[in-house]
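Some structures are shown below for you to check.
In the two assemblies presented below, subunit A is common to both, partnered first by subunit B and then by subunit C.
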Partner chain A sequence: MTRVVRALGTHTLGLLELLGAMALLQLRITRALFPPRYDARETWRAFYKVGVKSYPIVIMTALFTGAIMVIQSGHFVAKSGATSFVGWAAGFAVLAEIGPILIGLMFSGRVGANNTAELGTMVVTEQVDALRALAIEPIHYLAVPRFLAMIVMLFLLTALGDLFALIGGAITADLMVDIPMKVFLRQVFDAQLLDEYLLGLLKGSFFGMAIAVVSCHYGLTVRGGATGVGRAVNAAVVAAAIAIFVADFFVGVVWTVLSK
Partner chain B sequence: MIEFREVDKAFGQKVVLKRVSLVVEKGEVRFIIGSSGAGKSVLVKHLVGLLRPDGGRIFLDDEEVTELTEQQYYRVRKKCAMVFQNSTLFDSMTLVENVALPLRKHRHLKQKEAEAEAMGFLEKVQMDRLAGRYPADIGDGLRKRVAIARALTMDPEYVIFDEPTTGLDPLAAANVDRLIRELSDVFGKTSVVVSHDLRSIFTVADRIAMLYKGEVLLDGTPKEFRGTSNGIVRQFIEGRPDGPFEFPRIHGA
Partner chain C sequence: MSVSIRDAGQEQLIVATGLYKSFGGEPILLDVGVEVFRGRILGIIGPGGVGKSLLMKMLAGLVEPDAGDVTVLGQSLQSLNASGLARVRDRMGFLFQNYALFDFMDVGQNIAFPLEQMGVPKAEITRRVAERLAEVELPGIERLFPNELAGGLKKRVALARATIAGAPILLYDDPTAGLDPVTSSKIFELIRRLHRPDGATVIVGHDIDRMVAVCDEWLLLHEGAVLFRGTTEEGRASSHEVLKTFFMETGMLGAAA
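So, the complex of A and B:
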């Protein structure tokens, strides 16, 4: 019994320490934004790397997400005969929930993991110490540009992903559920899903923020050479996935409360 | 002048520095020697605040820097540049971008202006022809030269070299040695060089301190080192495997 309580206590303390460290990193990043003390060139590079290089996987994910939603809802409405709800059901699920989450998870796997690996490698090869030795603050130079890039780019990628998810849904509706593309898209627009669309974009930004803080934290605290980098990437991907679902829950709750 | 006064440092159970006191005079080339794991790199990293001592005090030009915050240390680091053992050039940047970075950040130059000035520093270390290459494209010796050029962009009064010739071929090592000597003789910089390269030690150093078991075993000129009767120092500088020198224990072995 004592052992269980001790283990529970140790894990709780470890979790609180981790959350505290991430909150502190978030605070340091926020402080660097007012007044702006980040590197414009590095920020531009981060935007390119995070955004431009991510859009193919986002488009791919979104196309299939839309398609899957139509297949699932199409199966249900075929039974009930409510074919006019296919566009609404698929649009609602994609724009408000499934789209941002799946794009966020893909983004975390590609960009977040890459960020942790890059920063971790910089730590173990003393490049971060070299920055400090050159009197350049690593948080300002490395973390802030990535933070900005991930928030802005995940917002934009979610917007792009929504578009392609609807295209994917429309094609699938035409080919597999016998609902012409025009009819499907009309259903989506008639459903007046602007609120869901904005909610999804907001979620995208929060997911970007969560992935940035988590991946930068794990990257900048790497210990133990290449093995340490591997461990950090692994931990960052898991933690970012959890952070995405937690952020999804809280943004959804706050949005619902404020919408009443 | 740099002064370490009774500096202590331990990592967990492992004591690395025990009441180390050392003075580096302005304009000299000061070598800190000792076997691997003797605490040489640990000692110099304290000077630029990359490590903090457990005890003791550190002075730079009569100002105590021991308790400075990370932000306050940035002022010290502009005055006291460090060239790391592994060069630590930034992988994602070309060589000229690496050298231009401190110019852009501290002198607020535009990228093109910074790169134009960086070319001058690369020329000093004969690396201007490879300016557009990435660190991964060149060898260790060339990377070290670029790292030296990058450190000099801040026009530091002090330059710390952490094992600058380790892993270099004899000619590349001799080039780096000459550069360190020139920094002192021509530009009046003070150099602190961590090394166990015996050839460098006796061709470049003005004064030498040897660390052994976390303490300063001998502090003197190259002539004093050559003439010492201390068996441990003699064994080290003569590179003999047998003698009174006790090699650091490897934990877990």
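So, the complex of A and C:
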């Protein structure tokens, strides 16, 4: 019994320590945002790596997300005869929930993991120490550009992903549920899903923030060489996925309360 | 233990006192003191794993000691905030044992980086980078990336980056580790040339035969403590058993003969 309580206590303390460290990193990044003193080259590099290199995977994810939503809702509404709801159901699910979450998870797997690996490698090869030795604060130079890039680019990628999810849904509706593309898109627009669309974009930004803080934290605290980098990447991907769902819950709750 | 061989009037650019550091309960440095005087080149030597690189990082404020204090240019590093620490580091150059070149930048960008951060005009940066590359005998390799260079070339590029800002205090962590004798000699020649009479240089190394030609003073770390501090002549004259063994094996005593 004592062992169980001790183990529980140790894990709880470990979790609180982790959350505290991430909150502290978030605070340091926020402080470093003002006044703006970003390294232009590093910021541009972060935006390019995070955004431009991610759009193919986001488009692919979004196309299939839209298609899956139509297939799932299509069979149900076909049985009930309510085919006019296919566009609404698919649009609602994609724009508010499934689209941002799946795009966020894909983004985390590609960008977040890459970020942790890159920062972790910089730590173990003393490049982060070299920055400090050159009187450059790593939070300013490394974390802030990545933080900004992930928030802005995941917002934009979610917007792009939403568009391709609807295209994927429209194509699938035409080919597999016998609803012409034009009709499907008309249903989506008639459903007046602007609120859901904005909620999805907001979620995208919060997911970007969560992925940035988690991946920077694990990257900058790597210990133990190449093995340590591997462990950090693994931990960062798991933690970022959890953070995405937690952020999704809280943004959804706050949005619902404020919308009343 | 801190051993001083200088007169009280001589200016100290770096003073470290009572440095203690342990990892996982295992003490590495025990009450270590270091003094680096203006115009001098200090060589820190000792067996592998004794904490020489750790001590060097403490002198640059990159590692915080568990106990003790490091004062650089009259400012205690432990009492400074991030911007204060950055101001002190502006006056230091640090060569890392494993180069620590930024792998996402090419050679030119790596060397130019400290100058860019200082806001030096682009044309002057280009000129100074080309000059410094010529000095380390690597002209025209600005566009190559670190992963395209051999170890000796990386070391010279790292040396160029550490010294391009003209900082008065230069810290070199094992500048010739893994290099061939010819390249090692060139590196030490360069270190001597880049040393400023109004500044100070600290070298951690094992290549004592070559360090003898460059260093004015020595600090021998042994089992986490300072075993000896003094000039080359004092080192050769010392009757301390560990010191004699260490210097004999590295050829320093032979050089005296």
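Heads up, the rule we're going with is that the second predicted complex is superposed on the first by the 260 of 260 C-alpha atoms of A that agree within 3 Å, B and C clash if a C-alpha of one lies under 4 Å from a C-alpha of the other, contacts with A are read in each partner's own complex, and residues count from 1 in each chain.
Note that a contact is a pair of C-beta atoms (placed from the backbone, for glycine too) under 8 Å apart; a residue touches a chain by one contact, two chains touch by 3 or more.
Just so we're clear, the structure is a prediction, and the values are computed from it rather than from any experiment.
With the C-alpha superposition on subunit A as described, subunit C and subunit B clash in the combined arrangement. In the superposed model, B is the one of subunit B and subunit C that contacts more residues of subunit A. Legend: residue contacts after superposition of the two complexes on their common chain; A:Ile136 is shown touching both subunit B and subunit C. With both structures placed on the common chain, the touch criterion links A:Asp174 to neither subunit B nor subunit C. In the overlay built on the shared chain, the residue A:Glu126 is in contact with subunit B and with subunit C.
When the two complexes are overlaid on their common chain A, residue A:Glu97 makes contact with neither subunit B nor subunit C. The intersection of subunit A residues touching subunit B with those touching subunit C, taken from the two complexes, comprises 45, 121, 125-127, 129-130, 132-137.
Against subunit C, the residues of subunit A that register as touching in their complex are 45, 121, 125-127, 129-130, 132-137. Of all residues in subunit A, only 39, 41, 45, 121-122, 125-127, 129-130, 132-137, 141 touch subunit B in the complex they form. Touching subunit A in their complex are the following residues of subunit B: 45, 48-50, 70, 74-75, 77-78, 81-82, 84, 86, 88-92, 101-102, 104-106, 111, 150, 154.
Every residue of subunit C that touches subunit A in the complex is listed here, in rising order: 57, 60-62, 82, 85-87, 89-90, 92, 94, 96, 98, 100-104, 113-114, 117.
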